[in-house]
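Each structure below appears as structure tokens.
The two complexes that follow have chain A in common; it is paired with chain B in the first and with chain C in the second.
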Partner chain A sequence: MEDMKEIVRTYVVNEYVEDDTEVTFDTPLISGGIVDSFSMVSLKRFLENKYKISIPDDKATPEAFDSVNKICMLVKEFTKE
Partner chain B sequence: MSNIGSYDERIKNFDWSIAEKELDYQPGNDINIGWYCSDRICELGKGNKPALIWEGSQGQGKRYTYNELRLTSNGVGQFLRDIGIQPEDRVCLFMDKIPELYIGFLGVLKIGAIVQPLFSAFGDESLIVRLDNAQTTAVITQRKHAPKVRKILDKMPFLKHIIIVDADPAKPLGEREIAFDMDNAPKPEKFHIHPTKAESPSVLHYTSGTTGQPKGVKHVHYSLISQYLTAKWVLDLQDSDIYWCTADPGWVTGTSYGIIGAFSNGVTQCVLDAGFSADNWYKFIEKHKITMWYSAPTAIRSLMKAGDEVIKKYDLSTLRHLASVGEPLNSEAVIWSEKVFGKPFLDTYWQTETGSIMITNFPGMKIKPGSMGKPFPGITATVIDADKFEPFDGPGKVGLIAIKPGWPSMMRTYWRNEETYQKKFRNGWYLPGDRSSIDKEGYFWFVGRDDDVINTGGHLVSPFEVESALLEHPAVAESAVVSKPDFVNMEVVKAFVTLKPGFEPSKDLDLEIMNFVRKKLSPLAMPQEIEFIDSLPKTRSGKIMRRILHAKEWGEEIGDTSTLEND
Partner chain C sequence: MAYTDKTRGMYNDILTGMKDAGLFKQERYIHSAQAADIIVEFPEGAELKKVINICANNYLGLSSHPEVVKAAHAGLDSHGYGMSSVRFICGTQDIHKKLEKMVTEFLGTEDTILFPSCMDANAGVFEAVLTKDDVMISDRLVHASIIDGIRLCSAMHDTFKHSDMGHLEEKLQLHNDKRQKMVITDGVFSMDGDTAKLDQMAELCEKYDAMLFCDESHSSGFIGKTGRGTHEKCGVMGKMDIITTTFGKGLGGASGGCVSGRKELVEMCRQKARPYLFSNTIAPPVVAGVIKVLEILSATTERRDKLEKNTEFWRKGLTEAGLIIKDGDTPIVPVMLFNAKLSQDVSKDLYNEGIYAIGFFFPVVPQGAARIRTQISAGHEIHHLEKALDAFRKVGKKYNILGKTKAEIIEMYGM
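Coming up: the complex of A and B.
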């Protein structure tokens, strides 16, 4: 799980952060304005490709994507199956 | 009692001089939006009234009274003058929804310079095209967005200043950069407002078309007349209101009604600079006791999607009036808002070029869910035949929306593109590029765009711009971009792509191309779906037939394919 968190955190920093904003596992991503609702689609696609899962649209909510921790919990739900 | 009172009575007796008189403006006098939105409200004795209540994504907050708005915008004006900004120079605001954006807007106008607001999520390609077209003299931005400007600095010899409002004193500034801390800068009590006149340029907003580069829509200070009165009669802004316009001032709603309409009416407005979450939005309404809420169909549908349970956690009883803008508001959303908020969202129709609301639902008027409503008093709007450019002689026929030019906030031209501006007029009508019908009672019903421009979440995206960006990716041989239906955003961008030899379709390539466009243009322009195909449908003369791809996405009839290359 820690590995996954670091992978997701690194991806978010590399793809969506343009300055030196620090992103922790709990940093609000969507409500904090780091990832907007349109860009969420590319983040979802990354998770699906990386973890070979399919996240249904109704599970890919702004709330479920609002931090690295929450994202990893969501991914875990689908990797278990 | 609503401000407009009886719509039918207003129609009979309307003249724009109503707004001029209320604003104590006489034709020929000076008119400066920056002054009207701050100094004038103080002169009316409301200097201590809260003007702007701002909340950031981390819960931090700032408040400004009208007097502070006046003084701080004076400080912005003074700073800009001191560094040599001249009247009619273009000054770009490239910031998130932070107080500096709202106050900077007024400060730029106060010295007679032209404000060029740009959406802070724009990538470097979107930025350079717009700054180059405007030959912008200065950009006011934040530390977090400065890297995008630095990246294209070499291509902008005309850009003299990059003004950073939150510079880190511990770090050196880059080339042409200058730090400006708005809150702590000198705030002159007495400040010479540039004597702009009705036709002096004020705001330059960029909008996308089907072909060619984005167009700079030039507005003038006289636009205030329309923006003030429509905010008063449609948004029904009243002295006691706590107003929340959710739009970003990178787009026209955020300036016409998030700044000019709100402040010229002297109301208290709240701004939330945070990403969307239903909980956060409802919490914000409850906390600040919002009474008037102007939002967008995309946001409303996102709230619908979040469900009704979350609403019950908050006290939203202060809301007295709701309105919507950006794209057609579907009837389900109107009915839903009546159910959960006890009042409908009233749809308003207008665009960047019109500068203010044109066709709308008014407080007190019979609402037909899904309808755009009726023309604002003083606006002559109809639907015309697309071939003859003549109004239809009866109701119910679908044609082009047409508006008689001459209202105060009408754009004056496209910046350095008069030819395209002239093409917006036919047979004495201004054509916004949308199709609709009018029913027997005079209500307008939106049908769709008359071109290939994609309206996603209320923002126009040019397929041409996206296709051009796609072609810069090393794997892409050809591309065609169309809209596809989406519950929340009404439409989203979809790209059809053929690959160069040596590249194979894959999920990783798909993501790589998505991110490539997102960074180059903006998240709005990023294709939400990419379909790799062997060849694009083309005419025999080699023109890509977007129409066919669009029809497939929307489940429509493909129509005439006689000119198709491989038919």
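Coming up: the complex of A and C.
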């Protein structure tokens, strides 16, 4: 799980952060304005490709994507199935 | 009927909140035709003041050009004031078709469809040509009208970092399984005045079998050797799949816009684009004016050449004065002040010196990137620009920002 968190955190920083904003596992990503709802799609596709899962659109909500911790919990839910 | 005191109070609270946050926009009333010299009433009720306008999109100085005005008068006489119909019922005149053909030739595309505005063109085009099986990949700094158009389209949407070709390529790889991919950019970005790397984007689009879309609103008429736009400057004339542009800026400044590009895509807009289907098109006098604009620009590059010289003079003058400007070679020249209040204060002082230029700050530009956006015109003479430079030097000296670095200005005034 820790590995996954670091992978997701690194992706978020590389993909969305263009200044020196610090991103922790709990940093609010969507509600904090780091990831806009438009750009969420690349994060969803990254997770799907990386972890060989399919996240239904109704599960890929701004709330479910709002922190690294929440994202990893969502991914875990689908990798178990 | 049910507009109660409570409802009124709610909206007044919102508006007060905007004022308190410094986000309330106020109009300045111009009592003359649009030009380099204008007569302004500001604030409301104040004495009229003659000022030099350096914030209009009147890049080619054609907004009040005598030949354009004359052509619009003639169009009014020959084709009337309005059409009282959308295009496909009984709202298409010979001059609408003539203008579409002229734009096609001017931009070097296959076909063109007129829209009431470029805002409407951008609002309608994506939904007309893409479906949920497709993906739109846009630069993160595209114009608000493109963002609205993207929101109205069912295709998947992703973004790439501003002008970052490596990031764009990653996105093209990520979405390579989609039926159609469309890469979306502005030609010249309106806030920073920088230019899209259309040559590199065209190469990537070819490599990954994607379509290329460019909004040329801030470039049509003056970017490129003969003013055709960013695609001419970047050597990709004929390779663009969709261009949208406006007649409300360099191309006469009145109103109207278009989608120009591959003939099938234009036809899809004619069949499906809602702002085209459910709104009147451009009024006859305006159509006649734009036709004259294109005749003028096709006959000579004199105006875009003058604009280029004015821009060089202006950029050099501001830099020598010790002000920080955004790099580039377009007539959009942002003078960076970083602090929102400073940008408002400098704008006010410039106005007192007879120079009309507006401060832009968050949320229009990122936090800490406040600026005065200046826009140069072929309608400016060197004496206009010299006077404006004098004013910038005087106001810059007052605020002690001449020759200062970004860090020094931020230290003095904050972000």
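Simple rule for what comes next: the second predicted complex is superposed on the first by the 81 of 81 C-alpha atoms of A that agree within 3 Å, B and C clash if a C-alpha of one lies under 4 Å from a C-alpha of the other, contacts with A are read in each partner's own complex, and residues count from 1 in each chain.
Throughout what follows, contacts are C-beta pairs under 8 Å (C-beta built on N, C-alpha and C of every residue); 3 or more make two chains touch, one makes a residue touch a chain.
The structure displayed is predicted, hence computed values, not measured ones.
In the superposition on chain A, contact is made by A:E18 with both chain B and chain C.
Once the two complexes are laid over each other on the shared chain, residue contacts for A:F38 go to chain B and to chain C alike. When the two structures are aligned on the shared chain, A:D66 is found in touch with chain B, with no touch to chain C. Greater residue coverage of chain A by touch, when chain B is weighed against chain C, goes to B. Within chain A, the residues touched by chain B in the first complex and by chain C in the second are 18, 38-39, 41-42, 45-46, 49. Interface residues of chain A, counted against chain B in their complex, comprise 15, 18-19, 21, 28-39, 41-42, 45-46, 48-49, 61-63, 66. For chain B in complex with chain A, the residues that touch the partner chain are 57-58, 96, 121, 143-148, 273-280, 302, 305-306, 456-457, 488, 507-508, 510-511, 514-515, 518, 523-524, 526, 528.
Contact residues of chain A toward chain C in the complex are 18, 38-39, 41-42, 45-46, 49. For chain C in complex with chain A, the touching residues are 140, 147, 150, 156-159, 161, 171, 174-175.
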